[in-house]
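The first chain written gets the first letter, and so on, giving A, B, C, D and E; residue counts start at 1 in each chain.
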Amino acid sequence: MDLYLLSPVISLLALALVVILLDLFIRRKWILGWVSIIGLIVPVIFTLSLWGRNETSFGGALAVDHFSLFFHLFFLGVAALVLLSSTEYARKFAAFRAEYYALILLAATGMMLLASTRELISIFVALELTGISLYVLTGFLKDPKSSEAGLKYLLLGAVASAVFLYGMALVFGLTGTTYLEGIAAAISAEGLLDSPALLMGIVLLVAGFGFKIAAVPFQMWVPDVYEGAPTPITAYLSVASKAAGFAVILRVFYEALGPASLDWGMIFAVLAAITMTVGNIVAIAQKNIKRMLGYSSIAQAGYLMIGLAAVTTEASSALIFFLACYALTNLGAFIAIIAISNKIDSDEISDYSGMVRRAPLYALALALCLISLTGIPPTAGFMAKIYIFSAGVNAELLWLVIIAVINSVISAYYYLRVVRVMFLGEPVSKEGVHASSGLRIALSLSCLGVLLLGIYPWMLMKFAETAAGIFLP
Amino acid sequence: MIFAIILLPLFSFLVISFVLRPFFNNRPQLSAYTTICAIVGSLILSIWALISVSGAENHVLTSTSYQWLAIGDTVINIGITMDSLAAIMVVTVSTISLLVQIYSIGYMKGDGGFARYFAFMSLFTASMLGLVLADNLLFLFLFWEGVGLCSYLLIGFWFHKPEAARAAMKAFVVTRLGDFGFLVAIIFLYVKTGTFDIGELHELALAGVLGGSTLTLAAIGIFSGAVGKSGQFPLHTWLPDAMEGPTPVSALIHAATMVTAGVYLVARMFPMIASSETAITVVAIIGGFTAIFAATMGLVATDIKRVLAYSTISQLGYMMLGLGAVGIGYASGHLDGHHALTLGVAVAIFHLFTHAFFKSLLFLGSGSTSHATGTFDMRKMGGLRKVQPWTYVTFVIGSLSLAGIWPLAGFWSKEGILHEAHAYTPVLFWLAIITVFMTAFYMFRVVFLTFHGEYRGGKEGSHSHGLHESPKIIIIPLVILAIFAVIAGWLPVGDFLGADVNFSFFGALTSWLAWVSLSLGIAGILLAYIIYGRKLLSAKSIGQSLGPVYTLLIRKYFFDELYERFFVMRFLVDGIFAAFQWVDTYIVDGSVNGIATITVAGGKVMRKLETGQLQVYGLAIFIGILAIVAFLLIFS
Amino acid sequence: MGLDIAFWVLAVVSVGAALAVVLMRDIFRAALFLVLCFFTVAGIYITLSADFLAGAQVLIYVGAIGVLIIFAIMLTRESRRGSPSGRLRLPALLIGLLFLVTMVFVVVSTDWHVIAELPTEPTTTAIAQALFSGEDGFVLAFEIAAALLLAAIIGAIVLVREK
Amino acid sequence: MAVGLEHFLILSAVLFAIGLYGVLAKRNALVILMSIEIMLTAVNITMVAFSRYSHVISGQVFVIFIMVVAAAEAAVGLALIIAIYRSRKTVDAEKFDLMKW
Amino acid sequence: MDFPYLSIIVFLPVIGAIVIALLPGANPRRIKLAAAAFTAVSFFLSLALFSMFDRSLDGPQFVEQLSWIPAINVQYFMGVDGLSLPLVLLTTFIGFVAVLVSWNIDLRVREYFAWLLVLETGILGVFCSLDLILFFIFWEVELIPMYMLISIWGTGRKEYSAIKFVLYTLFGSAFMLVGILLLYFQAGTFDMIALAGMGLDSILSSMMAAAIFFLIIIAYAIKLPIFPFHTWLPDAHTDAPTAVSVVLAGVLLKMGGYGMIRVAVGIFPETAHSYAPLFVVVAVIGVIYGAAMTLRQTDLKKLIAYSSVSHMGFVLLGIFALSQVSMTGAVLQMVSHGIITGLLFAMVGLVYSKTHERSIPKLGGLVRQMPVIAVVFSVAGLAALGLPGTSGFAAEIITFLGSFGSTMVPGIHIYTILAITGIVLGAGYILWMLRRVFYGPPRDEYNGVPDADKLEKAYIFAFVAVIMLIGLYPRILTDVIKLGIQPILGVFYG
């Protein structure tokens, strides 16, 4: 039991505690945000120091491998950007800023654990750690919309938890173990492949995790929660929570259910097709930009699920790469929205009219991110799509890829509509938009990332390949 | 050197449009002088070429060619050939062109587009000369379209007149209809033989390599180009309308040169076309029919230039008939080889040659009358004999020549054609002979209406300074042309072209055919005199008594209505094309928009599922689970 | 045999109590029935020889959750309006039944590997060992659970405290 | 017929279905929360039954964690309900539709 | 690697765009001069390229090759051969002229020129890239600038047209992407030259080859456009600002033709051969249908837009006649149409900027007020209807010669003849338009409208000069083009 392997998690947890404790002693609360941001360096350093190690601990429950370390960095990065984008927004929370930052860090802790645990109980608890932090964060504004969103998220999240617990129970009951390795071994050893309970277990697991990644028809909470949550949290939800979902699915399905006769890839393929189509089509009809991005994130989950449907290492590495690109892009979009909505105090797309003349850089950044979400070069989104579609084609999922590309076309319609409103519309007022330094840093980071990945994606792809490499049979 | 014949007027065009027009616009005469100098140069060179050709071996001078295109095996060369046929043509073209340009100085004086006019005229002359000299079909086509362009530009010279603009467009589009066939034939021939070279094509045709339906189709295609250019039935409708252009243009382009390009083309390709009996029969029939068909319309037209235009069409029909008749003789074996081929060309080109002089004379004469009266409507003329004696005399000479009265130029060339027609196409011969009568009649109808009787234009119809004779610069070309209209028939054109034609000044009167045609011509003149000179018969009552026939003629057999109003507008544009547009809007584009609408509507419907009720969302989760279970049950 | 009877009794009572929870209009009584249900489930744990869990069930569910809910009921003063059923009653019934049928089918048609005899030892030590020995990795879960509780406490405080 | 694993599993399924019905059909957010607790309890029964019939203790360990999580969730959930009640003066789930479409 | 001419030519405009975006001070004149300078340098460099091009080699020249995304074997691979060089030259020329055409833009000048330059880079990149993914990236890069340019600076239903253009193109490129990926997994490379040399038709099953071929060709069919995928074109052309219409008609459509030759036919000659009859028929439909539609238009821009549909039919015919001559003709037709229609749109723009009217029935007699414009418009029109001596004729006759003589498609004679009717209809609509716009009695409401100014004269005469040059001496291009065509049809003609 090597606790050092857990050092990134522990240091992050400690950071959360430090922030809360610091709250008691300092008066200038803005420091808290920067403490939590700068403090993230510690877990990052720990993570980097672990790079290359491929070990397990806690009797196999914790894995420190490329996959988990990649996701450590991923969640830490996302948390950093979310924190940066919250520095100004958090003023709304008055006395609760420390709690806000701490919960973001706790959620990140949960997600990091999700990517690295290999045992059902730990997975479940980590999932709930993430979940509960996010429920609270969603309701953090405590205005009617925010509380309502929080409650919906919590109740539905709890139902989803019950569902996948049921699934886990079935799997456990059949195999007699909660370790992923053990499950895989038991399934192949005891000839459980055709067992109805296993199939049902998988279905329930798909449903439970589907809730996390917002796959249709488990996605219905998404738009409401995204709309109601504080915008940085929406960004966090749309990126980190989804990524955590995918990470845990990859873990569970590849490591535990890899040998299952049930072609769970097929289930994901069908869900992917439905998800992207529903997400895109409904997004067209949206007028609230956060809600629209909610549907858009559903659609993106659909594309991501191609990486699950095609059960190959290449597909998982494409999925991981897509996640990273999507994270940068979506965060960029949300950060720009935060910057703009801080000023105009509205999330209606129509209020973004003529934004390019009021806030040219923010409008341009938002446009860039929307273009990336559409998948038009030279942006990260394009490279991500190329990569994941190529994995899909290679796995002979041509039909799914065709549906996906048609969906990309549909998506252009609503993404570009926002661009159009910003670039073509008459400005509602002449007032410019000025954002805090945190937001500006976060926005430039993500936009640079989007462009960089669009032009030179190879570094990250290699990372993703390495991360996915652990699933090699 | 030979290239210079083309290049001189082309250079003149370039000088006028890029130097004189932009920089010396205040001195428009310069452009006229430039043009005339260039054409004089061309004329001198043409005559030199004519002399050289007669001395050259095989009567052919060739020039080096340049490679226009080379892709793999496809190599297209472009060059020129000067043979006797071309030599005759270049001399004719440059002569008439020169005279018309001189005339134009007077006629166009004071027109705002003076320089532009001469620029176009230069370009036209260059293209026409190029057309004549081209040694291959593709190069020929280049100039073929070039003269068409100039014709278009010059018909529409007074572009502010809607009729002129309309006529210009009509001319271009209708001839292009013929050119379509021509172009297809060129391509077809190239694909079959691998060459555009006219000489090589002839050799292939004569050697029988090129034959059968290929030859027939190609020949008919080429002829369709000629039909368009020469205003033959059924593409004749543009030529009368083309009279909207300035009169010298009508004289040069729509009487003497461009419209004869069709005849020249058939003559140029004669060995090939005549090798197909079907094709050459078509040529003969179209020619013969057009001759009489156009003449009938000339009988009733009231616009002096239109009468002349119909007459031109009719005479061009004669030329085609001449070619066709000899060709039939050749194809059916009555005539043999080389003799037949040169004879056909000689007969047609001879008539082309004489016709060029007297018809341009007539046009220029009509221009002179309009110079005085300001109109071309014969109903507003009359009695000009007294004020315009020079014009009158030259016009009558031209008319007599056209009517084929011995010993004027028209007689000789027309006799040649009638003779061949009688020999090989008896039916068409009778059409042609009736046409002789009509020709004489309508020409003298013009003479009597215009120059005899009382002036009917009224005060306001005349020019401000009253009726008067035209200035010298107009009269001199008329006189020169009149001289040619008399003597052109005596020149040994046929011999020069290699045909063995026995020319005897009085001997011609010994054939019965000459007497028949002469007497018909005189009868026509007499009838015109009775009706329009003496007014013994009322033209009006004759018109009324003929009723529907008269209407048919005056409305030009309703061809304009048929083509423009019915076929183009109603059938094509408002019919088929409108249907296309409907399809485009509602089906092609409609389905595109429809898909978009359905998608957007789908979004609007599906968002309604998102009711905001968390329990609906929960329900969806379980429906999803059950659906996956069902899916698995069904698919495994 | 005694266990069988106990099972049947407990099963019937727990199902009845659960039904009462979802069918009662009186929210207060529903909460009490929930507590009853939790109690019977604790009994079922005993029939499954999970003694420690039975205790924990009583402590956590009955003690903590039950009380919390009753508090909440009183705080929100919703008892007057009761607990009516919503518009989705029928679909909910249908889906619930279908799900039940599916699960029953799955349970019945699966060939479970069953060890029929009762475990002999009490579970408390075994659980403690499993939790803290470190060989089974449940100590990891335990640590995560600590973080989770921290998050929950922070969250509950933040949410309930007025500004 | 002796009571065996299937009985417990079916009992658990029944309870789960009842909880499910409660979640979907009841309007009071508190009752929904209570129904969710029933669902979790049902899962617990399954876990324990498996644990008993395969003599593997980790099922029971799992249940402990589920209980902890359930308690935490209940706490946060009730906090949210109270927060929402403060602003909206109702806990009727059908009225929570500020955000839709 | 040699001096990276191609990269410089391709990326100069986008660098220009960045410079313009960052240029301090809002002086529109400076922005315009900067844009003109960057495009001009790009143009002169490509002229230099044209003169340095070795006319005895048929492979790509000026090659630049770097590994880029090894995960899926993507390279940064640029090069031009006889097929792409004329199009590069055309693009830089039109790009430069487009800047001049836009000289009187005064709305959001900075943005406008930045987008215009980005657009040019996108198009140039398409013609220069030899790696399919790189090609695809450039293919899509052009979308956003086009969208912005049409929807901000356009007229009429500009937003509808812009989004229609984007969605249509995206739709096509979506399928192309699938096709490219499928191809990659069959052949293992994105290298266009290598792919073309593989003889994939015989390696793959005919089903697979056909599937890839059609997936890929949809994008080009939309771009070209061929019936029935053409309806975006009239809308986009009509509502785009003048310079964008010039670029759109001038070079953007050529991306379709280029892709068809380079990717679809180049990689799958045998498959193209099997389906050639289908495309030839579609080409003929396009020619006649386009011409018919043109005759029904009353909006000047729409008229020219539909004429493009008709003219692009010739290109399609030339390509799928699959003979060396016809394909050379098709490429020449692309270049020629680029210049001619570019000029026509520039002229329409001039007419519109002076009279503020585009509806043909409301115009008339303009030759009095704007003689230079009328003359150049007429020249462009005559070139469009294929008057000998202009590039239009040279291109069309070469295409027809090739297609008529092709032995690859049964019954192509008939189709060629039907296509030739297009030029008769062409004469009809061009002259009809000229007559109604320029001839007839002058209208009082246009009294005093100015003729073209010096700058405008400069660029329209440049167009005319190019039209005449190609028309009289087509070898200047065909000698280059045939080098690009030869290897593609090597399968059939040894």
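Just so we're on the same page, a contact is a pair of C-beta atoms (placed from the backbone, for glycine too) under 8 Å apart; a residue touches a chain by one contact, two chains touch by 3 or more.
Computed from a predicted structure; not experimentally measured.
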Touching both subunit A and subunit B (chains): C, D, E
Most centrally placed chain - per-chain CA mean versus overall CA mean: E
Identity of the chain that, by mean CA position, is farthest from subunit E: C
By number of C-beta contact pairs, the top two chains: C-D
Chain whose average C-alpha position is farthest from subunit B's own: C
Euclidean distance of C-alpha centroids - subunit A vs subunit E, Å: 43
Between subunit D and subunit B, distance of the C-alpha-averaged centres to the nearest whole Å: 96
CA centroid of subunit B to CA centroid of subunit C, Å: 102
Euclidean distance of C-alpha centroids - subunit B vs subunit E, Å: 37
Interface hub residues of subunit B, defined as touching at least two other chains: 596, 607, 610, 612-616, 618-619, 622-623, 625, 629
Multi-partner residues of subunit A (each touching 2 or more other chains): 121, 124-125, 128, 132, 135-136, 139, 142, 147, 150-152, 155, 159, 170, 173, 176, 199-200, 223-224, 285, 413
For subunit E, residues that touch 2 or more chains besides their own: 167
Each pair of chains that touches, named by its two labels: A-B, A-C, A-D, A-E, B-C, B-D, B-E, C-D
Of subunit A, residues touching subunit B in the complex: 151-152, 155-156, 159-160, 163, 199-200, 203-204, 206-207, 210-211, 216-218, 220-221, 223-224, 262, 266-267, 270, 278, 281-286, 410, 413
Complex contacts: residues of subunit C adjacent to subunit A: 102-103, 105-107, 109-113, 134-141, 144-145, 147-148, 150-152, 154-159, 163
Residues of subunit D defined as touching subunit A within the complex: 16, 19, 23, 29, 32-33, 36, 39-40, 42-43, 46-47, 49-50, 54, 56, 58-59, 61-62, 65-66, 69, 72-73, 76-77, 80-81, 83-84, 87-88, 93, 96, 98-101
Residue numbers on subunit E that touch subunit B, as the complex places them: 164, 167-168, 227-228, 230-232, 289, 292-293, 295-296, 324-325, 328, 365, 367-368, 382, 387-389, 393-394, 397-398, 400-402, 404-405, 413, 416-417, 420-421, 423-424, 427-428, 431-432, 434-435, 438-442, 473-475, 478-479, 482, 486, 493
Residues of subunit A defined as touching subunit E within the complex: 317, 371, 374, 376-378, 382-383, 386-387, 389-390, 393-394, 398, 401-402, 405-406, 408-409, 412-413, 416-417, 419-420, 423-424, 456-458, 461-462, 465
